[in-house]
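As written, the chain order gives the labels A, B, C and D, with residue 1 at the start of each chain.
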Amino acid sequence: MIRFDNVTKTYKGSVVALRDANADIQKGEFVFLVGPSGSGKSTFLRLLLKEEEPDAGRIWVAGKQIGKLSSWKVPYLRRNLGCVFQDFRLLPNKTVYENVAFALQVIGRPRHVIATQVPQVLELVGLAKKTDRFPNELSGGEQQRVAIARAFVNRPLILLADEPTGNLDPGTTQGIMKLLDRINKTGTTVVMATHDVVIVNAMRRRVIELDHGSVVRDQARGIYGYGA
Amino acid sequence: MALSVDYVIKETSTNIWRNRMVALAAMLTVALSLTFVGGALLFKQGVAKATARWEGGVQLVVFMETTSTPSESHAILSQMVGPNIPSVGSKPVAPGSGGMPQVKSVWHCDQACTYKEFKTLNSDDPTITAVTKPSDLPQSYRVQLQNGNQAPSVARLLNHQPGVQDVVYPSKAVSDLLRLSKFLQGVSFLIAFVLLVAAIVLILNAIRLAIFARRKEVSVMKLVGATNWFIQVPFMLEGLFQGVVGSLLAWGAMALGTSKFESLSNNNPFALTQALTISSHDVFTTGLLVVLLGAAIGAGGSAVAVRRFLDV
Amino acid sequence: MALSVDYVIKETSTNIWRNRMVALAAMLTVALSLTFVGGALLFKQGVAKATARWEGGVQLVVFMETTSTPSESHAILSQMVGPNIPSVGSKPVAPGSGGMPQVKSVWHCDQACTYKEFKTLNSDDPTITAVTKPSDLPQSYRVQLQNGNQAPSVARLLNHQPGVQDVVYPSKAVSDLLRLSKFLQGVSFLIAFVLLVAAIVLILNAIRLAIFARRKEVSVMKLVGATNWFIQVPFMLEGLFQGVVGSLLAWGAMALGTSKFESLSNNNPFALTQALTISSHDVFTTGLLVVLLGAAIGAGGSAVAVRRFLDV
Amino acid sequence: MIRFDNVTKTYKGSVVALRDANADIQKGEFVFLVGPSGSGKSTFLRLLLKEEEPDAGRIWVAGKQIGKLSSWKVPYLRRNLGCVFQDFRLLPNKTVYENVAFALQVIGRPRHVIATQVPQVLELVGLAKKTDRFPNELSGGEQQRVAIARAFVNRPLILLADEPTGNLDPGTTQGIMKLLDRINKTGTTVVMATHDVVIVNAMRRRVIELDHGSVVRDQARGIYGYGA
């Protein structure tokens, strides 16, 4: 589903964010991306979205080598990739329903598809009763659920999450992890960058550890770190 | 890729409303600059029409009677350029020995040539051009002089000869008009140019602000896989709209200005304004040109803005 | 609160450079709009000078000889307004019985009044006004007629009477000029107004973009306790700079335009342009006014922008 | 040093962020502000900075009731309050040195004061050797040290920190906590909002817990939560 083949990424200013990284993630896996700050986790995810180009190496997503993708095809790549971030990135002037529907509208889905899929996914994330609220009327955990609903409404093959619980308290974090687990169980591949020792150690899924841009550990049913 | 019409209209109008002040300034500036462009073009056309006969430095026209014989015509020609030159065509010919020393060159405008000129001069009155045949019109000799001040004396020499209908030379007003028009056109185009720059920057800015106001929406759109086209179209339409509305305003101002000008020159018979006539047909074609220009400015400005600031 | 000069200069110039395109457009638009304002003002002054004598609807002036006697003067007055009105002052008086039926009103301009007018008419030539005393100048009667077309016939009646030096009435050119000038001034001010709006929006925008480009710096400044003054001053100076540079360009354009206009009207003696004279003193005072206006626009625009978009 | 007296804060949209909150923090204390996401921690800190106005109640900072402060005096209030955030808020086009010096320049400190104080504070945070680096050449932990240096260079009475370790890995987090502890030992009052169970439980300082805008616990030498 996802393959990194000797990928190197250097930002201008000669900062090496990824160095000869290799990884192979199968369909349906749940993978934690860990490592100290600046080790290249966000870069790993941005490369998958083709928000950045690698300097060397090849990247496959869903069987396609994305380095060869012409730029007008990038939107279609992104429709296979749901995305969740630490800061939610909801539109403040749209309701919960509108925020989720927006993701379908802008890729040109017809109205009746939107009208069936949005309530369905809001039911899944447990917000069926708050469809008309605005983001700032919700708690952080609820906002992140909306963001997950938006990422998932198009039934992507892969869900990418960059520190989705970074702003949340431990109780809320647990709820979000349960939701991601449920989404993973539907067959969606989940890749999640995180600093949260507690959840990595509790979930015991595959862990890829980066350090200064290199993959230093790739462990099935791993924990946050040897030292931590 | 369903880019539905109501989505695009809604987005575009929201954009414009959000930055209505900048959008308004952009439209007004487009309008003003295109009014100058259109005004200068109309003025140029008016002057060209009023002075068509005097193009290429012609300073004297000898109209022959439509009933004049070839020998009468030849006698006049001989008087001007000397007996050694039997005939002249549509290219100017300098006089040989025995010609008039005041004459620099002469060319011949036959009836077809006169008819063409007649149509230009009367393009605003199709009924006249329709009932007039080339054979109704006189042939003529077009004379360039060594010195424009000699026109009256040379005219006196040639007039009242057999076969000559009339000898005319440009009045002071027309020759002044020719000189003034060059200057005014230059100034108008300079002003129009500065204003066009301002207009494009204002449109660019309006789009930039619209993009900025929607940067969160745009980033979410990119994230969930909206196509570039889908993201760009509302912004580009916004620019187009501003350009077109501005140019329509310019068209209106031109039409209004022209009619005001006409009524003014009818009341105050300056030689200057009287000599100019601007047909409504001219206003229409220039208006169309102006709208095309406005659309081009709007589309161009927004395309640049979308390229530079949207980064899709 | 050490707001050091080099800090302010550095910040302001960085701001301007960063958005040089918008800043340039703003300055050009300020320049153009103020050129129209200044041009209209100069034109108005020129027309006012050329037509000072004909203000308030005066259609005929009877100049008396400087050597004329009071009885001669009184005889002329009686002829116009009838024997029942022994004298008139600086207020118009309608004729009584026995006066001329063509006359609507008459007032008297004594030597002091004439001297004042003389100075206005010759303000661009101080050497003449310096050597001329009020007693060198004629007193005169200013006459408004029932109908302007009667001016020549009335003038013939009054001329060559004892004590009368000359009877003058405005030429066709001057009366045309008066009518045309109203129209052109209106158009100029309309254009100037539209352009002023565009200029202010452009300045506002330039500042808005400058603020936006520095929003991170501004938020840090607020956080660590910089005063509002410290944050605002560079942005306000930026607007002021744009306004002042634009108005200086306008001043230059006005000076250039005036000299070009003069050389043009010296070469082409239209009655129209010939009647106008614009002194370099007028250009200077109008230029100063224009710079003040430019500074006001710049400061005003930036103040609004800082208020609206800086939120300090 | 800091006192909240029945403070209530409602955002437009009738979101109650603080409800009748009371707190009294003495000079030199180190206080953790904990509570679920949306419980009002950031609002608490923003009220101290006078970035927001309370709807009811009174707030004292350094002996002054800040509700009565006229707006032109707010900058002078803020010079007593150093601030650190989750996202660092450094200026990317300025070096480490310039970022710290900027804080002194914009409050009009003379050049010689800047030239002595900046190296001193960079020494304190352990970045004496990286003065000429740009933020994106630094790790997250190092960037947060720069932010702390900038907050502290003016020797404020109080240091406010809103989830300063939210973006950092556990190792880096420890370093930052040590630094804050050292700053606290110089007599500076520190108020820190956090979700990090590990550090709150390890440090054992005063804990104020908020829930739906109310102070539900105020405990000396407390832990993150009863349940967690």
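Criterion: contacts are C-beta pairs under 8 Å (C-beta built on N, C-alpha and C of every residue); 3 or more make two chains touch, one makes a residue touch a chain.
These numbers were taken from a predicted model, which means no experiment stands behind them.
**Q** Identify the chains adjacent to both chain A and chain B in the sense defined at the top.
**A** none
**Q** What is the distance in Å between the mean C-alpha positions of chain C and chain D?
**A** That pair's centroid distance is 61 Å.
**Q** Could you put a whole-Å number on the gap between the CA centroids of chain B and chain D?
**A** For chain B versus chain D, the centre distance works out to 69 Å.
**Q** Quick check: how many Å separate the C-alpha centres of chain A and chain D?
**A** Using C-alpha averages as centres, the distance is 30 Å.
**Q** Indicate the residues of chain D shared as contacts by at least two other chains.
**A** Residue numbers touching two or more other chains: none in chain D.
**Q** At least two other chains touched by the same residue of chain B: list those residues.
**A** Correct list: empty.
**Q** Touch graph of the chains shown: is it line, ring, star, complete or other?
**A** Contact pattern: a closed ring, each chain touching exactly two others.
**Q** Give the pairs of chains that touch; include all such pairs.
**A** A-B, A-D, B-C, C-D
**Q** Which residues of chain A touch chain B in their complex?
**A** Listed in rising order, the residues are 49, 72, 75-79, 83, 89, 91-92, 102-103, 105-108, 110, 150-151, 154.
**Q** Name, in rising order, each residue of chain C that touches chain B in their complex.
**A** Residue positions touching the partner: 21-22, 24-25, 28-29, 31-32, 176, 179-180, 183, 191, 194-195, 197-198, 201-202, 204-205, 208-209, 212, 260, 264, 267-268, 270, 272.
**Q** Show me the residue ranges of chain C that touch chain D in the complex, using the header's touch definition.
**A** 1-3, 7, 216-217, 219-228, 230-231
**Q** Considering the complex alone, what residue numbers of chain A touch chain D?
**A** Touch residues, chain A against chain D: 11, 13, 15, 34-38, 86, 134, 136-141, 163, 166-172, 195, 197-198, 224-225, 227-228.
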